[in-house]
Structures are given as C-alpha cells and as structure tokens.
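Letters A, B, C and D mark the chains as written, and numbering starts fresh at 1 in each.
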Amino acid sequence: MTKVMTTREAVSKFVADGDMVYIGGYICRPPFAAVHEIIRQRKKDLTVVRSNAADDFDMMIGAGVVSRFIGTFLSLGVYGLGRCYRRSMEKGVPHKIDIEEYTNLSLPLMLMAGSLGMSFVPVNDMKGSDLLNVSSFMGDGKYKIIDSPFDGRPTVLVPALRPDVAIIHVQQADETGNAQIWGIGGDCKAGANAAKKVIVSCERIVDRDVIGKDPSRTIVPSFKVAAVVEEPFGAHPGYTPGFYDVDFSLGFLYQQASNTVEGFEAFLEEWVYGVADRGAYIAHYIDRFGYAAYQKLMAAFDYSYPVSYAY
Amino acid sequence: MTKVMTTREAVSKFVADGDMVYIGGYICRPPFAAVHEIIRQRKKDLTVVRSNAADDFDMMIGAGVVSRFIGTFLSLGVYGLGRCYRRSMEKGVPHKIDIEEYTNLSLPLMLMAGSLGMSFVPVNDMKGSDLLNVSSFMGDGKYKIIDSPFDGRPTVLVPALRPDVAIIHVQQADETGNAQIWGIGGDCKAGANAAKKVIVSCERIVDRDVIGKDPSRTIVPSFKVAAVVEEPFGAHPGYTPGFYDVDFSLGFLYQQASNTVEGFEAFLEEWVYGVADRGAYIAHYIDRFGYAAYQKLMAAFDYSYPVSYAY
Amino acid sequence: MSENPNNYYIKPELMACCGAREIRDHDVVIVGTGFPAMSANIAKHTHSPNAILMQESGVVDARPMRPALSVGDPCLNPGSAMAGCLIDVMGMFLQAGWVDVGFLSGSQVDKFGNINTTCIGDYHHPKSRLPGSGGANPIGTLAKKTLIIALHDHRRLAEKVDFITTPGYIDGPGARDGWGFPPNTGPECIITNKAVLRFDKSTGQAYLASYHPGSTVEEILSLTPWHLKVADDVFETLPPTPEELRVIREVLDPHRMIRIYEGRGYV
Amino acid sequence: MSENPNNYYIKPELMACCGAREIRDHDVVIVGTGFPAMSANIAKHTHSPNAILMQESGVVDARPMRPALSVGDPCLNPGSAMAGCLIDVMGMFLQAGWVDVGFLSGSQVDKFGNINTTCIGDYHHPKSRLPGSGGANPIGTLAKKTLIIALHDHRRLAEKVDFITTPGYIDGPGARDGWGFPPNTGPECIITNKAVLRFDKSTGQAYLASYHPGSTVEEILSLTPWHLKVADDVFETLPPTPEELRVIREVLDPHRMIRIYEGRGYV
C-alpha cells in the first residue's frame, strides 16, 4: 500500500499546529525540504526536538513556527551562533521560545527510551551543572533524582520523549516506508522510532526488492511510516552521503542574511515563500548560481563492496 | 596494531575460569569454534549469558564448563529440549547449574544498559509472572520494583550486565578488531559492547580500507577488541549470512548423541577433544560426510547493491 | 458433526487457519515458527495482505522461500524489510506498543490464559525443565492480542499452571491493570486441536467458543481439567477453505512439513 | 623569553601542539572540530599513532581528506572505521567509560575548570545566548581527562562562570565524588593563547604550569581574573617541533585554515 505523496501533502496531513516534532539530521541528512514546507504552510506553536541543531532549526525559530525547543545545542557551525535563535532568546523576536536543555547524551537517550517504550532512562551526566537548576515548560518533569535501589547512589532519571511526528531524510525508502540510511546516524533512528508517526523524505524511492537486498540498513519499518516523499536534494544545504556535498556557500548566505531581521525575511521570501516546492527551489538555485555550482555539489563515486544475505 | 591470533590463543589469554562470558549469536553466527575451544581447554566455573540459547550453550553445560547461566531460553529448536541442560537441571549431571531467568526483552536491555554505561534499566515485562518470584545467584539484585518518580506507577528495574569477555562471530573484521555484520542481529551488538573486552571471530579478515568502504556495518570498534581470529566456517553448525547455511544434519546428530551422557561424551570426543582446532574439525567433517555435504552448505550468491559514502 | 471426507485436511492445518482468522489486515504480528508462522502467513496470503510479520530475533516482513525452523533461520534474512536486532523487535516495536498480535504456544496453559514454558513440577527441583520464556513473557504482556496454541488434554491444559512464565489474566479480572500492563491487552483465544476457547473479559477465564469438526462439546468438556463454560452460541469451527488449503499446500509448505505436528499429538 | 624568529609558527599552531602532547598512544579521544581535531590529529601523526579519534555524531577513526568543519561533516564518512550514531559515541563509548580524552572549548571558563557555553548574563534574560551544551557536559563529566581551550583574558576566564554548562571541579575538591562522577576524571589543563594551566587536585583549582614563548608570568597573572597560583617549576612552553609543524602544514591543513583562529583573538 503506497504512502507516496508530495512534501506539501505530507506536512499538511501529518504536521498539526501544536505538535511535538522530531526533525532528524545535523548537517548530514537534515530534511530541509520539509522544514521549508513547514515554514511555507505557516505552522504554529510547534515543539521541536533534536540533539544538536543548526540552520534548519534557526530558520524555523526565526519564521515563528516554533514555541518550544527541547534541545542541547544550536549554532550555525563554522558561521557561529544562530542569529534567529539569539534574537528570540535575547530580544523576543519574533517571540521568545521556551527551551528545555539537555545534552547530547541525555537527549538521544530520552528519544531512545521513547522508541523502546521505556518511560524514563537513567543518565550519568548533567550532575553538578546548572542544567539541573533550570527548567521551562517541562517543569519538575525535566528530570528526577533517585537513590539507585541497586547501589544507593544518586541517579538522574530523564523522561522518555514520544513526539507526535518525526521527519527524517534518508537515502532510500520503498513506497510503504521502509527507510534505509548509511553514514553518520546522529539520533535519527531513535528519534524517528520514538514518534507516533514518521514522515520519510528520501533521495530515491526504490523497489521493495532493493530494500530486501540489504535489510540491515533499514532504520524505520513501514508500519511506523505515514508518508513517503521522494525529494532528491532534499537535505540541501546539508548533505546526503553518496548523493551530494554540504553547501557552505548557501550556509554563508544564510548567516549573512540572518544577521538582520530584514535580511532573514528576504532570505525566506527568496528561498521558501517564493518557491512552490523543492523542484522550484532547485531551479532557483541553478538560476541564481549556475548549473556548474549545482553540479559541483554532486557526490563523487566511491562504492562499497556488495554483500550477500543468501544461505 | 594487529590483534590477530588463533582461537586457542584468544581463549587461553582472554577467557579465565570464573569469568562472566557473553556469547553472541543464535543459530545465526554463533561463535562455535570458540565454544569448542573453551570446552577443549576445560575452562571452569563460567557464567554464560545470552538471550535465547541453543546447542552451543547446551554443549557447554554438558561439558561442565558452566556454573551459572543468565538467560531467557534454551532449546535445540526443531530438535526440542536441550538434553544436557535438562540433565543438569533435573538430575545435576554433570552438576546443577545456577540459572537466573529473564526474557528476550529484559535481558537484551540489561546488556544494552551495560553497553551504554547505565547502571540499570526499566522494563515493562515480567510483571505478574513467576519470573519475579524466583532468583538465584543474583539474589535480590535480580530486579527492583520502584514507583516511577514521574507517574507513580510500579516499575521494574533490572541491572546492567558487564560481562568480563564477549565472544562474537562476524562476517568480517580488520586486524585491529573493527567488526562488521549483516543479517539478523540478535543481541550481539549490545552484548559485545557491554563486555570489558571482546574476542572477535570472523569469516575473513579484511583490510582496514574495506571496513572504511562501508563503516555503517561496524558494530564493535577496534579499541574494545582484545583478539581477532580468522575462523572460516566458525559458526558451523550454525550459519553465517552470505557464507554458509545452517547444518540441520549435524544438529540432529548432536541431539541424538546428547540423549545420553555416553552419546554426548562420544560426540565431544569426536568433534571437540578429538580435533585440534577448527581446521581439523572441518577436515573431519569432510572426511566423515564427504566434500559434497560440506560444499552443499556453501551459500548461494545474491549480492546487495553497493552504496557510496562519498561527498 | 460435519464431515472431513477423505481427510481432505489435517488438524494442524485447521488450527493454523484458526490462527490466521484472528489477524486483520495491517496488523503487526510477532510470529515464531511452526503454527504461528503458518497462521500469520496464511492470513497474509488471504485476507490480510498488508499484515507485517516479524520475528523476535530482529527480522521484519521476511520473504522466506521455505518455512522457517527457528526465529534465527537463515531463510529469514534475504528479502526481509529489516534485519535488525532483538532490541528493535522486543523493545522498539513490542514494548513501544506497535504489535497487534503475538502467537504463543505453551507446554501448559491454564484457564486464565497463563502459560508455562519453564518447568513441570517444582521450579527448584523440576520434574521436567522446559526452555524458559524467551520472548513469550513480553509478548504475552505487551502485544494487544495474544493467541495461544495448545494440545487439548489434562496435561497441557490446567486449572493452574505450575509456573507462570507468561501472564494471561493472571488470577482474574483487574490483575493486569493492577500491574500496570498496557490497557486492552491479553490472551484472545486458545486454539487447541479440539476447539477454540475465548476469554470472558469479566472473569478473565476461557470458555468454549467453537468445537472443531469431529469433536463434540461433551468430549471437550471431558478433556478440560477445569469447569469450562460453554458459549450460548457455541458453533462448529469452519473447516479450512479451499483457498486457505491452497495457500498452505502450494505456497507456504509444499513439502507439508506441518505433518510433523500430527506426530506431536495434534490430531 | 625565547624567540619565534620570523614568526615561524602561529599561536593556534602552538596551542594545537599543547593539546596533542596530552594524548598518549592508544588513547580514545572525542574530538570536535578546529583546535581539538587538529590537536588529536597531530598526536596521531606523531607520538600516538594508535590513538582512536571519534566525533559525537557517531564517527570513529575517520580518515578525512580535509579538516572537518563540523562533527557531522561529510568528510568524516568515507573511510571511517564506524559510522554509527550519537548513542554509540555518547553512550556506548563515553558513558560506558571508554573515552580517555575529551577536548572542549568554552566561551567562559573558571578557576575550577567549569565551562559555560550556555549564556552570558542571567539565564532567563541573557545578554548573550550561546549554543548550549551539545556533547560538552557529558564529555566533561565522563571522559577520563578533559582538555579545555580558551582565550586568555578577563572575559573568557572567570572567577566563576555565569552558568555551569559543563562541570569541572564544580566548587572544589570532593564535589565530583559527591555527585558520583566516575573516579579520576575531570579537567586536566586549560590551554590558552598565553599559557597552559593545570589543576591542583587538592584544591580543584587551576595554576600556571607553563607560559608560551612571548608571554611572561606577570602578563599571565594580569590577564587572569582570579589569584592564579604559579607552579614552582613553571617553565616556558616548548614551541612546536619541526615534525609537529610539518604534520600540521603538509598533512592536516595544507590550506592553513587554522589561521582563522588568529582573527578570533588567538594571538
């Protein structure tokens, strides 16, 4: 039973105002086409969650679709601090988001706990830091400290997260949603499987038989998936291993633009509101920077050795 | 720095009497060459651990090398109950082993907890069953029940396991120990990474560059590995995806033999004590059943599509 | 009592069909081997083409070319949708609440649907030591519906099992809730070689829902070691349909390996 | 005060070498980008060929063809020994106790080696909102040794950080033990553009261990906002060796991207 649809349909049907949304990928495989579509559809009051966040989260915050952020980190990498994030936190522009801060150990484990049906998980970090002294919308549900019933030692427990929807970008999926990745995993498998439903954006839709040729690459099985979108170049300006490189020049453009509210708005107008979908975005990219610039992002060929599952 | 050695050396150096030993694989990729070597070296007083156990564990119990078993299940599959296991539990032959029983949910999570440096993990099973009413050498450390500090509900906590040594059989590894698998995973990744050191048995030692061509297949990194053994056919009579099929006929032979103590001893004499190593074992197999029988186990070719990690 | 002229089906086939009929399209089903796998596959090839079958070893939606003989069988690997690990299936799918149907068989099953696969006799001095839980306990605890396969006699059915390996309704209504089990889970039916027993949720006890062709209510009551209630609308189990039989014999099990269950008493 | 004739090395190169010298062969090292990655790679190419470098995103023993610009950089994928996930590195390797060395940089670092990467000013009304912990907190908590990189001035060094994102010795000796941190963990040194500060385990406070060529003890004391103790055997930091410089310039960073740190004040 096919779940193939457009990003517009998927975001419209499966991302509701007020949802908690897990968005996978950090530089590697961010589902940027879907992030743009969320902004384009002017979703409201989202809670967004991921360990390590970059330009995709910064842009959503600047666009005003985010009310709450469960995170660990947000920056533009080599380009420094997230401008929209700072404006929100320091000046309330466009509004101040509420933020619940964890770490790159605790937050992935909270997603893992959600994915495994555990209600909480013990972690050994955050102790002795001010991360235990601040909380926001999660209140005193941010964490608990108990004396371990095994050895009596103080132990921090953090709650499982079960996002309403997860959006991930993967290399390939079949039309029912079996999704496969390779390369840096981030917290993608835990985050996607923690969610109540998953939107799978992929570079290419492949036949179910292709999935079956290498089933150990699958991170999300079909029955968890609500929508499958074929969105080549869907992670740009992030990258997808085996498909295309990270685009530092667009990253720089974004940083420069987002230095001011006006610049940020103009950037959105040009790259999000002003284009109907990912196809139009790519066409605009080629139009503006030339086909050579686009082509230069294309990945080199360097294939792995095939393996066999036969018996 | 190479860690390549023979199975004899690896077992001699890294498996000590009294150790807690995790042994990976269930029908798929059991490290049978190492199991035979443990028996051949007449190790003593081992605590063995794995979810789902089969002929390999049954044989170790019958051979008397096991004192304690942390497990969930032991049978000979299509051939029914484990004969040596039953004799141990029902009649104390060769001695009664102590057994701590969990489930295929809780035990893998206890290994996962060990692998992740957590001291315990909450589980939602075992409640209302007699598994909570029996314990053995772990005493009241088998589990604890607390009221969840988040929602007040009774929650079972089970302790993390940190075996002294893990033994796994994989498709390929490099000489420093980076180990790669494909196909059914069982609790192999969690179990190996929970251990203080790992013995990697593999079908083939490959160059580090081969590992790097497909690094998402790696389940154990080199720095956890104490020994690497190239042991083709090392999982027989279990199977290794892409290499050889399960050998039902030897499984049947084992079941028939192990119906009696005498038969079991004769089986060990023929297939374990009577052969010096895996090479001699295979030679004996061919000698006894013919090369055609051996060749018939060889896997068909049915290769996956290569993927690229390039950018 | 209806006919089975020329023994056109055998009892294990009928039992497998009874299991298949409990599965709805799009159900996520944990199957082991033998009957459960056969049942789930019959469903998938008839009325539930979108059912997703998985094995606890980590395999989802396998496409085996022959019946799998263990949850780790080599034939489960090639062509599957996911070859993951125990934690994926038992944690990420089962404990996280995605599994609709689990299939279990028991050496001993009691009137509350509790299952014993641990030991006959005293735990510490067993008359017979059985394999243990494996995945059974979490499946029985966490799957939305549990289907139980058992032989119908005074040894395999019991007023009370010697050891609760896998909880059914434990000691009656409310017991699962008291332990905080997920709501609306528990045994759905016991499929024996004589009958299908279902559960009265108000008492947590099994009752006779249908008797297989060739059996009678009286025979079943005499083979059951507790006072078995009989449904007002008790009926004769529908024999395998021609389509079900075709799938079993032509698609799933051309070598008719299922006949080994006749030797194990499933007649 | 020794010479740096013709400016044959720049300060970021010296600082990277200071980091490299803290790594022993076979150490398992979590690196981020920039200095830490450079330091770890210098070590690997000189005295620690068997050191294992990893990034928190899930990569172990990468073989990048250019300096990685983020922990998720594409160049980290091809050729690595393992391309896993955050939980692999932060949980399976770091929390489980396998990481010997972590490298952190801080917007603010105090005398106890506590690091602030969260905010300048009040948390709820920040003057400046910084990125947050990311992997820093668990690395500082759980790695056996933590190396800290910081600018040496009254803004970046502090008597007390505005916000403890990553605990050093917290408020003095015993504090880590009190929280149940793994034994014998904690900050090893603070490498600044002027000096290397080490920690007196009996007080949990940083002291001056060596001053970089071109700096003096007096200058460093005046640039440090707390009363900095000076080691009896304080010495001048060894400049980059020819071999270290060769590795930096010919192997790791032929385009000399490290020079961007000069623009950030590392002079």
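Rule of thumb we're sticking to: a contact is a pair of C-beta atoms (placed from the backbone, for glycine too) under 8 Å apart; a residue touches a chain by one contact, two chains touch by 3 or more.
Bear in mind that the values here come from a model prediction, so they are computed numbers and not experimental data.
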{"item": "Each chain counted as touching subunit B and subunit D at once", "value": "A"}
{"item": "Centroid-based (C-alpha) most distant chain relative to subunit C", "value": "D"}
{"item": "Length of the line joining the C-alpha centres of subunit B and subunit C, rounded to whole Å", "value": "28"}
{"item": "Subunit A-subunit B separation of Cα centroids, rounded to whole Å", "value": "37"}
{"item": "Approximate Å spacing (C-alpha centroids) for the pair subunit A, subunit C", "value": "41"}
{"item": "Subunit C and subunit D, separation of their C-alpha mean positions in angstrom", "value": "59"}
{"item": "Multi-partner residues of subunit A (at least 2 other chains)", "value": "109, 116-118, 123-124, 153, 155, 182-183, 185, 213, 215-216, 239, 241, 245-246, 302, 309-311"}
{"item": "Shared-contact residues (touching 2 or more other chains) in subunit D", "value": "59, 74, 77-78, 83-84, 87, 91, 94-95, 142"}
{"item": "Arrangement of touching chains [line / ring / star / complete / other]", "value": "other"}
{"item": "Every chain pair in contact, whichever chains are involved", "value": "A-B, A-C, A-D, B-C, B-D"}
{"item": "Residue ranges of subunit C in contact with subunit A within the complex", "value": "26, 28, 50, 52, 59-61, 63, 74-75, 77-84, 87, 91-98, 142"}
{"item": "Sites on subunit A touched by subunit D in the complex", "value": "26-28, 51-52, 71-75, 77-78, 81-82, 85-86, 89-90, 101-106, 108-109, 112, 123-131, 134, 153-155, 182-190, 239, 241, 245-246, 248, 302"}
{"item": "Parts of subunit A lying in touch with subunit B, wherever the complex brings them together", "value": "109, 116-124, 141, 144, 146, 148-151, 153, 155, 157, 159, 171, 181-183, 185, 210, 213-217, 239, 241-242, 244-246, 299-311"}
{"item": "For the subunit C and subunit B complex, residues of the former touching the latter", "value": "33, 56-59, 69-74, 76-78, 83-88, 90-91, 94-95, 118-119, 123-124, 126-138, 141-142, 163-167, 170, 175-176, 179-182"}
{"item": "Sites on subunit A touched by subunit C in the complex", "value": "1, 114-118, 174, 178, 193, 208-209, 211-213, 215-216, 218, 221-224, 309-311"}
